[in-house]
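Common to both upcoming complexes is chain A, partnered first by chain B, then by chain C.
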Partner chain A sequence: MTRFVLRRILAAIPIGLIVTLGVFALVFAMPGDPLRELAGDKPIPAAVLAAKRAQFHLDDPFIVQYLLSMKDMFTGHFGTTFAGADIASQLRLRIPVTLKLATLSLALQWIAGLLFGLYAGFRRNGVVDRMLLLSTLVVLAVPGLVLYFAGQFLFGVQLKWLPVSGITEGYPLAYLLPATCIAITGFAGMARLTRTSIVDTANADFVKTARAKGLGEQRILWRHVLPNALLPVVTLMGIDFAGIFAGAVLAESIFNLPGLGQFLFQSIRFHEGGVVVLLSTLAFVMFIAINLVVDIVYGFIDPRVRNV
Partner chain B sequence: MTTGEVLLEVDDLTVEFDTPHGRVRAVDGVSWQVRAGETLAILGESGSGKSVSTQALTGILEMPPGRIVSGTAQYRGQDLIAMTTRERRKIVGDRITMVFQDSLSALNPVQSVGKQIAECYRVHRGLSKGDAMKRAAEMLDQVRIPAAAKRVNDYPHEFSGGMRQRVMLAMALALDPDVLIADEPTTALDVTVQAQILELIADLQAERDMGVVLITHDLGVVADVADNVVVMYAGHVVERAATSAALEHPVHPYTEGLLLSMPSAELKGQELPTIPGTPPSLRAIPSGCAFRTRCPIAVPECALEVPPLLTVAPGRDAACIRRTSISAKEAV
Partner chain C sequence: MSEAQQVFESETQDLEGRTLSNRELLRALLKKPQFVICVLLVVAVFLMAAFPRLFTSVDPRFCELGKSQRGREPGHPFGFDIQGCDYFANVIYGARPSVLVSLVAGFGGFAVAGILGLLAGYFPGAVDTIISRVADVLFALPGLIALIVILNSVPNRSIWIIVGIILVTGWPQGMRVMRSTVFSVRNREYVLAARSIGVPPLRILRKHVFPNAMAPLLAMTTLGIGGLIGLEAVLTFLGVGLQPPSISWGSQFGVAASYRDSPHLFIWPAIFISTTTISFMIIGDSIRDALDPKLIR
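Here is the complex of A and B:
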């Protein structure tokens, strides 16, 4: 087990290098001068501009800029944004916001996905099953962006049930609408996978064997159907969990939640390569860590992929 | 040999399926019985209804779409089909057990084999976890799995095909059943392993005086181990006889065709005779005798009605209007 974890962490290092280099290159390649854009139409004295350029190493070659950002990151000197905000304190303020949003949306998505998926799987072709298939098809066909704006307009602007944007209303009220929007997009795939997996497993030969053993339906369900049917669902949960940052970028920007996703979005707009790489690395490390945890958990629930 | 008590007696069993294309009769008026110590082979090709009939009477057939239209299946005088699921669970899984073809998919992949065998003792005998696992290990030893005490905690994918089928057998025989229904137990195995498994079944059967219903499409297997054979075609029983009698003097033209198409040393170098045509789709079974479209001795009358299963000689039944007695066959 220790060997397995170590191997995975070692394998993550070259991938991390490629990811950070790629992300930095993409920001570097963006057209326009970041500092001039920051200033807008106002003229900037040449001396100020030069000082700023030197502070952020903007005139150094690409690879030097990249290495300097990496050095700052690993030594914990995150520095400031172009606009002068302290990045470390920004992270301290923003991480809880994203965590709250992520946990709430994942909880909604997993609970609803599992409940509906399980119910529909066991009552296949019933009313709930048909409704689920139809509604998830609609959700899957609607892009997340449209869903977020539609949700904001309907429940925030028109019905006034929930805050339109911002976090002044606090947790959980301010987070409910964006979290629900994220949850709905993820819920569709989750419910469908759970349903299909239950249906497949219920028809498996080993369930027939269990029946031939004279076992009761409850025992067959808990000991034979569910432990097998939920294997792919656990995988999807891991992928969802790891990918929650991607959903946060969109939702936090639209609903104006001051979390990491919004920070990333703003940093990309202002060409702040260092911040983008920092946040990408954070997302990357989280992604690797969650996948590692999922793989370890998976080994416990499925002996066929047990890692030694 | 076949003088033991009748353990399981199936009478006039008919099973239908509701499909999007209409109703399909997979098993039609099937009757057979198995006695203690007897091995009864149910012989037929895919789709002949041999598995469906046993799955219907043990209650493991998906219903719907399946439906038992008529028939009884008496275990020591109690009708399995008429009884409630709860009552049936006390018999199926305890007194009547089953082994399936593909042991990899028939075993739960995420549970250790020991746990799966122990489950029988836990549920039917109320044994504690520890005792049940101990018995499971003993059972693995009885089916001759080497180092059984160690392997009891292994998972199905860690066994070879032959060993896995032994695990299936250990599970089926754990509670010392009266009747073992083996549904193509050796089809997925290679020939040497197949022989070992059949031998193992025969040995365990002799020890326990158990009735065995062996479902197979393999005439060689029938010849090796079965006392009696029931030949099925398109849901009907077409011939019922002692194995030796059926192999030496097949009465029904289908049985005859099957025997002729067996490879043998005498036929070496010659083209193997086959039964012309293919088995009928269950949605379009020919009228009258289902076999008539492929039958070398069919006459127009064969299309009129389903031939009844008639006794052609003591202990021998066949469903063919051209051959209503052994002598009639010689005359053709």
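Here is the complex of A and C:
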């Protein structure tokens, strides 16, 4: 087990290196002077230029620049935006918002997805199953953008049940609508996968064997079907969890929640290249770390994976 | 994106190793009314993209500022946008980027993932290792964020650049599906027979392996096209996709987001884009059902 965990950690390191290097190369090693963009059309005084070059280590070789900026990132020296806001304090304000949104939406979609998926899987071709297949087909097909706007328009603007945007109404209330929108898109995949997995497992040979040797239905369900059927579901939960930031970018920009996703959206709008790189590097590192944890958890649940 | 693909992957993995002739497949598909209706809808959208003048004679860039945000009028069924341009013409002309994305990223993605999957599955060893390791790295990235970073550093973005970057970052999932099907096909008797009489590897791949291993990837690709159209709209909405003055459904959403008091700006492109994506989804669903060995009598 320890070897398995160590091997996974070792495998994550080169990927993290390649990814951060790639992001860095894309932005800082592009042809052209990054300071030109920073100043816009205005001419820059030579002294300011020299100071900025030193601040961003622009005169060092590429690898040194990369290492220095990674060091800055990991020691928490994030610098400021062009407008002068301290990025570290921005992050402190924004991370809780995104975390609240993420936990609420993940809780909603996992609970609903598992319940409906399990029920539809056991009562295959029943009313719930058919309804689920049809509705999830539509949800998977409709672009998230349309879904978010439609939810906002219907429940916020027309029916006025929930706040349209912003977080002035406080934790559960203001987050409910965006979290539900994220949850609906995630729920569709979750419920479908759970259903398919239950159906496949219920027809597997080991379940027939269990039934043939006279085990009770309850025992077959809890000891044989569920533990095997839920393995792909756990994988999807991991993907969901790791990818939640991407969903948050869209939801936070549309519902105007001051989280990390909205920060990324605004940075793109205002051409804050540095902030985009910082946020996406954080997102990548988080993604790799979460996947690592999911892999390790998966190794505990499914002994077959450990030997791979 | 990757979430939906994960689901499709699990739902399409039973399709491997099926040999169904194209004519049989087509006949099975044409029996389904929902498939026929969706194909007709997709054809209509394709016509909209290729010949927008068939649907509207109004120039989408002819605008009268005085009519800004006004509702429907005779001759202007969808009303006007914020610049006072006819919105019907704008929505019709907005089909082109979505259709280009669906065609190029769909077929291109099928080709890239298919070829790489064939190579990785048929030549274990160095080729497989290289392709699979690159896929691992791309797989370790959240797709939307990777696209945002890359597109953000491209100054002049055309639809071709966007599609190209979607292709470059998006192939690993399809490649894995193809690779695993090729694994199950590569030691079948007909492949061994072809190899024993000295057929060159490329011909074996083209004539024997590919036709028998393409079904899961085909189903997955058609199911994913709707997602690609949505992805283009999201990228444009976020500001890393198409730039004004190009007309697209994604940029119409971006404008509608700032003018919430005139919902028609949102509703019409939403209806068009959703119809297109749902049609692609139902087509993909029908193809998968037609290929599913459990359902073939």
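The definition used in the following text is that the second predicted complex is superposed on the first by the 232 of 308 C-alpha atoms of A that agree within 3 Å, B and C clash if a C-alpha of one lies under 4 Å from a C-alpha of the other, contacts with A are read in each partner's own complex, and residues count from 1 in each chain.
One rule holds in what follows: a residue touches a chain if its C-beta (ideal position, glycine included) is under 8 Å from a C-beta of that chain, and two chains touch if they have at least 3 such contacts.
On a predicted model such as this, the values are computed, not experimentally measured, just so you know.
> Should the pairing of chain B and chain C on chain A count as a clash or a fit in the superposition?
Fit.
> Applying the touch criterion given at the start, work out whether A:R269 contacts chain B, chain C, both or neither, answering first, second, both or neither.
Only chain C is touched by A:R269; chain B is not.
> Which of the two partners, first being chain B and second being chain C, lies in contact with A:L118: first, second, both, or neither?
neither
> Is A:L26 contacted by the first partner chain B, the second partner chain C, both or neither?
Second partner only, chain C.
> Who does A:V249 touch here: chain B (first), chain C (second), both, or neither?
second
> Is A:F206 contacted by the first partner chain B, the second partner chain C, both or neither?
first
> Tell me which of chain B and chain C touches more residues of chain A.
More residues of chain A are touched by C.
> Rounded to the nearest Å, state the minimum C-alpha distance from chain B to chain C in the superposed three-chain model.
8
> In their shared complex, at which residues does chain C touch chain A?
Residue list for chain C touching chain A: 2-4, 6-7, 10-11, 136-137, 140-146, 148-150, 152-153, 226-227, 229-230, 233-234, 237-240, 250, 253, 256-257, 260, 263, 266, 270, 273-274, 277-278, 280-282, 285.
> For a test of understanding, state which residues of chain A touch chain C in their complex under the given definition.
Of all residues in chain A, those touching chain C are 12, 15, 18-19, 23, 26-27, 30, 137-138, 140-146, 149-150, 153, 157, 164, 186, 189, 192-193, 196-197, 232, 235-236, 239-240, 242-243, 245-246, 249-250, 253-254, 264-265, 268-269, 273, 276-277, 280, 283-284, 287-288, 291.
> Looking at the complex, which residues from chain B come into contact with chain A?
Residue list for chain B touching chain A: 55, 58-60, 62, 88-94, 97-98, 100, 102, 105-112, 119-120, 123-124, 155, 157, 168, 171.
> Over in the complex, which chain A residues touch chain B? Could you list them?
203-206, 208-216, 219, 223-224, 227-228, 231, 301-304
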